[in-house]
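To keep things simple, chains are lettered A, B and C as they appear, and every chain counts its residues starting from 1.
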Amino acid sequence: MSAGVRSLVRHGPVFAERAFKRFIRSPSNVVSTAGFPLLLLLTLLAVFSHAVEGVEDGPYAQRLVPMLVVSGLMFGSVSTAVGFFTDLSQGYMERIRTMPVSAAGPLLGAVLGEIGRAAMALAVLVAVGHGFEFRFDNGIGPAIGFFLVAMLASVSIVWIGLAMAAVARSQEALGPPLGALFLLLLFLSRGMVPVDAYPGWAQPIVRFNPATAYVTAMDRLARGGELVTPILGSLAWSAGIIAAFGWIAVRSVRRPR
Amino acid sequence: MAEVSGPIVQIEEVAHSFGSTVALNGVSFEVEAGEVLGLLGPNGAGKTTMINVLSTLLVPDRGRALVAGHDVVAQASSVRELIALTGQFAALDDVLTGRENLILFGRLRSLSKRHATRRAEELLERFSLVDAADKRVGSYSGGMRRRLDIAASLVVATPVLFLDEPTTGLDPRSRAELWQVVRALRDDGLTIILTTQYLEEADQLSERIVVLNHGRVVAEGSPDELKQLAGGQACVVMPVDLGQLEECASALAPFGTPVVDRDIGSVTVPDAGPGALSSIIAHLEGIDLTDISLRRPTLEEVFLQITDLPDGP
Amino acid sequence: MRTLAADTLILGARSVVRSRRNPATVVSAFIFPLLFFALFFIVMRRVMAAQGFDYAQLLPPTIVAQAMLFAGMSSAYYVAADRLSGLTARLRSMPMHRAAPILGRAVGDLVRSFISLVPISVVGVIVGMRFDNALGVVGFALVALAFGLVASLGMGLIGYVASSPDDAVSIASMPYLPLLMLSTGFAPVKNFPGWLQPFVEWQPVTAVIDLLRAFTGEGDVGSTLPVAAAWLSGFGLLFAALGARAFKKAS
């Protein structure tokens, strides 16, 4: 196994470079990571800022920017999942398996590539959000923490899609269910409205949701508030997601022995 | 350990089943270093399963296979240093350019970036892909993809190359180009195992052919030896007057079972036996002929005959 | 005329069968609209109630309008698929009334719209939407279907220029989000930024949603009908004319 680890260290950057090239060359990737969240930011602000600012203090953008960063990571990762499905079904993984290279390399590359996605989503949404009074009120350290939590979310969330790609029978059985799952996670998070604006039965679901953990951590890092719970929560969710979905995804690339 | 000479690939009694489907049922054969071996058989004969075993993708239920003395199961990682596979799908990244794909696989074979770039350049040159080098592979034609796919298997010289149905789905011109590529690789001294459903292709490219059917080796030998398997020589007779085809056929009946082809205007006796020509001419007294000839049966005729049998010899 | 009617029905039936066999259509006709319905209802109901905007009564017409826009996206998909497979060219070369393929498609679009209209309306009634009388039900259905047809005709145009069916859907989804969100569907006009309010107030999707609501007793049919009718007939005629022209040139 140490040969596999050595290969991962040596070839990981090569796979990451491939993932990054795929990312920047796919217009639909850019749209789902930055374009669509941006459009959502603008429309949600126009439609709901008046109403939400009626029930809580502070500009609505302060709440929306973290949630839309997470939405860009989620919906963007669907195309990484579809790409991995293609790798598995069209012979690319087969070639990798016959080479003296760790077969987990393409997975590692895909995950590292997600950091690029996080950077893009953050740059666009933070910049535009600034025009709608989104601010880092909490100083430079927490602002850096904000970016780190987004990176953590990006390298965790992607495993959900990679695992689903490993078990999906067709591309149609992968993209739409994954999109629907992410839609549910986002809407049932505290990203759009405060938790107590949800009906009572939905509040436990909203609290027990990885999107809520990441969004809360980012929100508090930006505007202040108790940090230990959401940051520990984000770390716990990431560890859980990577362990469970990572296991499924890695199993799919393993060689027969 | 690796032997100095002798077979570079050895397959002994390899068997594998997928559920209740028997894909390989005790296959044994050997491949000499520098040889091009054609693995020929109809769909479902077990060709791809055999290639998957040899390329470490599949652990067989029984039997063993060695590449340069290394067991493909127990010493899979050593085997991977020695082989390259070009599978049925073009295993490339559509979003990357041709050049980038070659550099990617070079670096995964642990070449330095500079070295991989130089090697990519050479391969693009060699496979006539220079003009398309910086276009995305997604825009390539089928023939270009296959050439690039093979080039990606050659970024580092491995002694053994597996080509799984390399020309399936290609137009005749791309196929001819690919044949040139394979011949050139053979001239470089590579050992190549190629699978194909096309008899003509096995005949053209390989020095030796192993015919698989229902997971068994049903015939083995050079193309010429296989043609001999179907028996001796065929006699083809073409009368001037097509109305006399039936008359020719009944005259030839004593020599075998005549086959009448009205489109070509010929009567063929598949296995006329040696020395039959003069007595055939005597039997055709009174019929004007445009042509009479003896020829070897085509590989196609042999193939149909062998794979028709329910089980191997 | 007999052949026109017969050919239209044959092609319409084919269009319906085809949608029914495509799981993606089922998802976009039922599951997505209902999912959006559920999510907006759960997430925004309390916040909007504080604004005096009751989602139980006001949101179902919005989701119906959204489902009609989804039906339009399906139409963009099918127009592109038929064009790229060569079926459109074959139909044009066959001895049938020239209008039959276009009308046949409209029949298919209407059936698709109707099929997604029914469950959404039922769910709407379950959460609290009420009709005043039978006339309201009929008016509601007719307006929804008319909007579904116009959306299909309009988004179908994209199918004539897109390079693949999936591209057609992506392009068609661009106008969808701003048109639906920047309407009175989710919030009243006064909640929008001042500079946006004229657009929100007068754009066609607002007109349709307001008229649908009027049939449920929220608002006045007499004052909303003229605006919606003008938008629907204007765009309907324009899209139909452009569609007929594109069909004649399609190859």
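Just so it is clear, a residue touches a chain if its C-beta (ideal position, glycine included) is under 8 Å from a C-beta of that chain, and two chains touch if they have at least 3 such contacts.
The structure displayed is predicted, hence computed values, not measured ones.
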Connected chain clusters in the absence of subunit C:
one piece
Chain occupying the middle, per Cα centroid
A
Using Cα averages as centroids, what's the distance between subunit A and subunit B in whole Å?
47
Let me have the rounded angstrom distance from the C-alpha centre of subunit B over to the C-alpha centre of subunit C, please.
56
Return the distance between the CA-based centres of subunit A and subunit C, expressed in whole Å.
32
Subunit C touches at least 2 other chains through residues none
In the complex, the residues of subunit A that touch subunit B are 3, 10-11, 14, 17-18, 21-22, 25-26, 86, 90-92, 94-101, 105, 255-257
Flag every residue of subunit C that touches subunit A in the complex, lowest number first.
23-24, 27, 31, 35, 39, 42-48, 50-51, 53, 170, 177-178, 181-182, 186-187, 190-193, 196
Write out the stretch or stretches of subunit A touching subunit C in their complex.
28, 39-40, 43-44, 46-48, 50-52, 54-55, 172, 176, 180, 183-184, 187-188, 192-193, 197-199, 202
Over in the complex, which subunit B residues touch subunit A? Could you list them?
55-59, 73, 76-77, 80-81, 83-85, 87-96, 100, 104-105, 107-110, 136, 152-153
